Amino acid sequence: MKSIYTSDENPFFQYVLGLGDDALILGQRWSEWLSKGPNLELDIAASNLALDLLGQAEMLLTYAAELEGKGRTADGLSFLRDGQDFRNHWLVEQPNDDWGVTTARMLMFSIYQYLRYEKLAKSSDARLAEIATKALKEVSYHRRFAAEWTIRLGGGTEESNRRVQRGFDILWRFVPELFETVAWEQDLAEKGLAAASDSLRAAWDADLSEILAEADLKKPEGESRLMGSRHNGHHSEHLGTLLCELQYLQRTYPTAGGAVW
Amino acid sequence: EAGEAEFQARIDADEFIEPKDFMPEAYRKTLVRQMSQHAHSEIVGMLPEGGWVTRAPTLKRKIILVAKVQDEAGHGLYIYSAAETLGTSREEMVSQLHSGKAKYSTIFNYPTTSWADVCTIGWLVDGAAITNQIPLCRCSYGPYARAMIRVCKEESFHMRQGYEGLLQMVKGTDEQRRMVQDSFDRWFWPSLMMFGPPDSDSAHSSQNMAWKIKRFSNDELRQRFVDATVPQAEFLGITLPEQVVWNEERGHYDYGDLDWDEFWAVVRGDGACSANRMDARNKALDDGAWVREAATAFAEKQRSRATMIAAE
Amino acid sequence: MKSIYTSDENPFFQYVLGLGDDALILGQRWSEWLSKGPNLELDIAASNLALDLLGQAEMLLTYAAELEGKGRTADGLSFLRDGQDFRNHWLVEQPNDDWGVTTARMLMFSIYQYLRYEKLAKSSDARLAEIATKALKEVSYHRRFAAEWTIRLGGGTEESNRRVQRGFDILWRFVPELFETVAWEQDLAEKGLAAASDSLRAAWDADLSEILAEADLKKPEGESRLMGSRHNGHHSEHLGTLLCELQYLQRTYPTAGGAVW
Amino acid sequence: EAGEAEFQARIDADEFIEPKDFMPEAYRKTLVRQMSQHAHSEIVGMLPEGGWVTRAPTLKRKIILVAKVQDEAGHGLYIYSAAETLGTSREEMVSQLHSGKAKYSTIFNYPTTSWADVCTIGWLVDGAAITNQIPLCRCSYGPYARAMIRVCKEESFHMRQGYEGLLQMVKGTDEQRRMVQDSFDRWFWPSLMMFGPPDSDSAHSSQNMAWKIKRFSNDELRQRFVDATVPQAEFLGITLPEQVVWNEERGHYDYGDLDWDEFWAVVRGDGACSANRMDARNKALDDGAWVREAATAFAEKQRSRATMIAAE
């Protein structure tokens, strides 16, 4: 038996797939907030975030499918792929929980995405650079929105401070994975194609620390150990239940079976 | 008395009434009730479709649906704002919805059980809403009329998207065509009831007509909707109920009697999803209370800091 | 286009399918309680209920598949059937909510199932009579367990009385559907094959009233209007989300596609 | 002192110690810790598999899985009861689990992400548990030994069912075989760590050996498990890690060094699912509090009613 999908076959495809999967899964999580937000304005904000991320997912997965060159499409990659072939980070697949946890994740991940797209906007791959340039504008807004809400919740009431702090505390264990840099990623980075994840850490820490300080929040300490890696198809249990919903219709009435959607 | 006569004369002259203008209390009250009910319908209307966003079958459909639900939140916002110009705050209107005192469109108490339903809601429910609302773009109260122009424009976009979604589905498999037919069978009659009780039973109508916050009767609008919908359904290959037949003499489609007992049962809260809709709204409101409080507290702290700095 | 599946083609198949679907969907709901019960004893009780119901579902759906005669199996009917072809009652597909709502549903439905199986144990169809006889013993225990818990919660604390009362109140709207008797069911009943649902109402009311009185609970008043019928494939929104989980693996890796489970 | 010598003599003579017999405090304490940890592991062990019951691929598999999770609850119950004979109540043990003071097997902090994992847990995790527990069927404390006999019997049934599930899957599609390999890759090393730290690092071992609440060293049991597992894995067509090689001289499989840093990280609470498991247990406990209170209140009312009737 062959061990699971190894990423060194076609690493640039894997890299772009990972970018697309982060956007797709986080977009799905944001879409869960629809009509459940704390007020109408935040319902609208949540749908903006979902729309931006799903739009990025569509561009990135379309490109990934082309890079793979096996005739798959962005929809095929989204709706008909096994969980173990998803390459998103564990952070984005975690449940929304309350608005405090969601805000903490949004801040942590949008700073990360911002820094990553910023580098990718200068990628030697023109297509990726173009996608990243467009996404960078959107994510810059996400980062600002998240920072404002972190500061508002941190400085609002005792309860809101406690809830958003809890968000950072429980999600902190997913931080090391954001900066895991596998050999083939390093290699792509050296060719000017990708951003080496570890190269983003210092700027991420600095930006986050500054916002947390302004928000009267404590930056969690310690560094959790990685318990599995997205590059090997490892995920938390939450991806599986997310995919049950995400993929149900295509799995049931697949386009390949003649369905038209 | 003089004020009322002048008021009516302005309306008769097709002038818009603006927030600071004189208006009879009954006019104000009727409008607040109608507009807040309309806004509530937008908000509750997010729920049946919102439940399908996570299950949309393609990225394109998912994006379209998120944008549509977002538009509904936006409509809710405009209409609440327009209603606030009459002196009732959004908080008060929302709390009347959540206490069950205020109503919303009965259509949203029907279950959305397939992807075809998502498209059918766009086609029939938004379609019926537009038929109702286009005349309101010329209603006598300025802020409402202006809100309706924007709302109608977006809703006619939603209606086309919903119809287009069904057009795709009927090109697919037998299972998909069956889903479309089933969806039509469940939504057609309730969408006709969206126009309200038959003219013979309709309260307030003549006063509202005189005030130009209603410009056509329920039955007139219903007929207009049926006449537009039947050919669209036929184009999709849908089998229409046998009661729906072309009446050469009238130049309209007949559609028989509607089940008004069902309508009134749903109004009373017996709809299949009535309890779920209110539970979902109340849960969102309760779960979000601490966020809204935090935002208020933070804004106050910012204000008092600004005041202190100004005072130094 | 043809209107949806009409039940008068092969009504006995439809009837047995309905019995099987009630057991399957309620069994699925009970299985959701696993490892979430109020204590270990109730975890074990919940799994007993799930096991009994899933076992009934297997027998009934195997028989239904044979009656249909189109080569489907109990698994095919469970895992690869469209939502609109499910024939279970709306009551069983409602979410578990808390233990109070679950207890109220268990009492309402197990009395119903008991009365139905009691008649079916005398069905002129030997196979159905045999299945019903076996199921009757199990459901008799379910009914007793539900009655005991209803009395315990009704007479326990103020909170438990309120919660179980809420269960009866919110589920009362699904009662009329239990006794809806369509023409072809009446026809089957007259042939001695099936139990006409409306013939169970009086005994159901009497049994429930007695238990509620002992439990210091109020029997809800009024009769809701039917808003759709399982016989036409109508369901509440909860069936669809239940099926996403129930069917995901078979939809993704179907036995027909070579998968072996 | 005399008591302790006599106690040890009984153990040396392979007699069972029973609840009312004399026993040293340290023996009692060690046993309570070990047994409650074992019971907690059964309870927490319901969670990873319980999450897959609603998604089982066939009715047969669903029924088997419900029955298995039910057995685990049953094991938890027996072992808590056996531990209660030592004077610590189940409530106290459970509250130590929920406060994080008591531990459970680290294996349940690994995520269960595919149906193959459900089968692999039966095969490897129950398999390792049995290897650990068979010697405990002859442990010196009577109630524990007797509980272990029943537990081992059921667990070996679970182990065979899990293995059989994988045997089916590898007969299926390439996707299924890939799922099985991936599952093995993730669970093999953690299952070896279930036997605890290497003998060189293992605390309490010699005293526990003398007391006969441990009869073989961690490394001995681990080797026994590896030797049994490798041929089973090969029969499934699984590719073993390259460190696993037959050592002709020893007559055993070598398996290289385990990642003990990972083990200790998981013990400290860094496991992928540690927080989720405790959240799930705490939620069940909190959500069920009113039910347990109601049952107690009802039983008290019944009792006082019975007393009143008796007094009449």
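In this document, chain identifiers A, B, C and D correspond to the written order of the chains, with residue numbering beginning at 1 in each.
The definition used in the following text is that a contact is a pair of C-beta atoms (placed from the backbone, for glycine too) under 8 Å apart; a residue touches a chain by one contact, two chains touch by 3 or more.
As the structure is a computational prediction, the values presented were derived from the model and not from experiment.
Engineer: Based on which chains touch which, give the shortest step count from chain A to chain D.
Structural biologist: 1
Engineer: For chain A versus chain B, what separation do you get between their C-alpha means, in angstrom?
Structural biologist: Averaging C-alpha atoms per chain gives centres 35 Å apart.
Engineer: Please report how many Å separate the Cα centroid of chain A from that of chain C, as a whole number.
Structural biologist: Their C-alpha centroids are separated by 41 Å.
Engineer: Counting only Cα atoms for the centres, state how far chain B is from chain D in Å.
Structural biologist: Computed from C-alpha means, the inter-chain centre distance equals 57 Å.
Engineer: Can you list the chain C residues in contact with two or more other chains?
Structural biologist: 82, 241, 244-245, 248 - these are the residues of chain C that touch more than one other chain.
Engineer: Give the residues of chain D that touch two or more other chains, as numbers and ranges in rising order.
Structural biologist: Residues 55, 175 of chain D each touch two or more of the other chains.
Engineer: Name the touching chain pairs, please: which are they?
Structural biologist: Pairs flagged as touching, ordered by label: A-B, A-C, A-D, B-C, C-D.
Engineer: Which of the residues in chain A end up touching chain D in this complex?
Structural biologist: Per the stated touch rule, the residues are 1-4, 82-84, 90, 170, 173, 224-225, 227-228, 233-237, 239-241, 244.
Engineer: Would you tell me which residues of chain C are touching chain D in their complex?
Structural biologist: It is residues 24, 28, 31-32, 34-44, 47-48, 50-51, 54-55, 57-58, 61, 74-75, 78-79, 98-99, 151-153, 155-157, 159-160, 163, 245-246, 248-250, 253, 257-261 of chain C that touch chain D.
Engineer: In their shared complex, at which residues does chain C touch chain A?
Structural biologist: Per the stated touch rule, the residues are 82, 241, 243-245, 247-248, 251-252.
Engineer: Where on chain D does chain C make contact in their complex?
Structural biologist: Chain D residues touching chain C: 43, 46-47, 50, 53-63, 66-67, 69-70, 73-74, 76-77, 80, 115, 165, 168-169, 171-173, 175-176, 280, 283-284, 287-295, 297-298, 301.
Engineer: Touching residues of chain B toward chain C in the complex: what are they?
Structural biologist: 48, 51, 55, 110-114, 170, 175, 177-182, 185-186, 237-239, 261-262, 265-266, 270-273, 275-276
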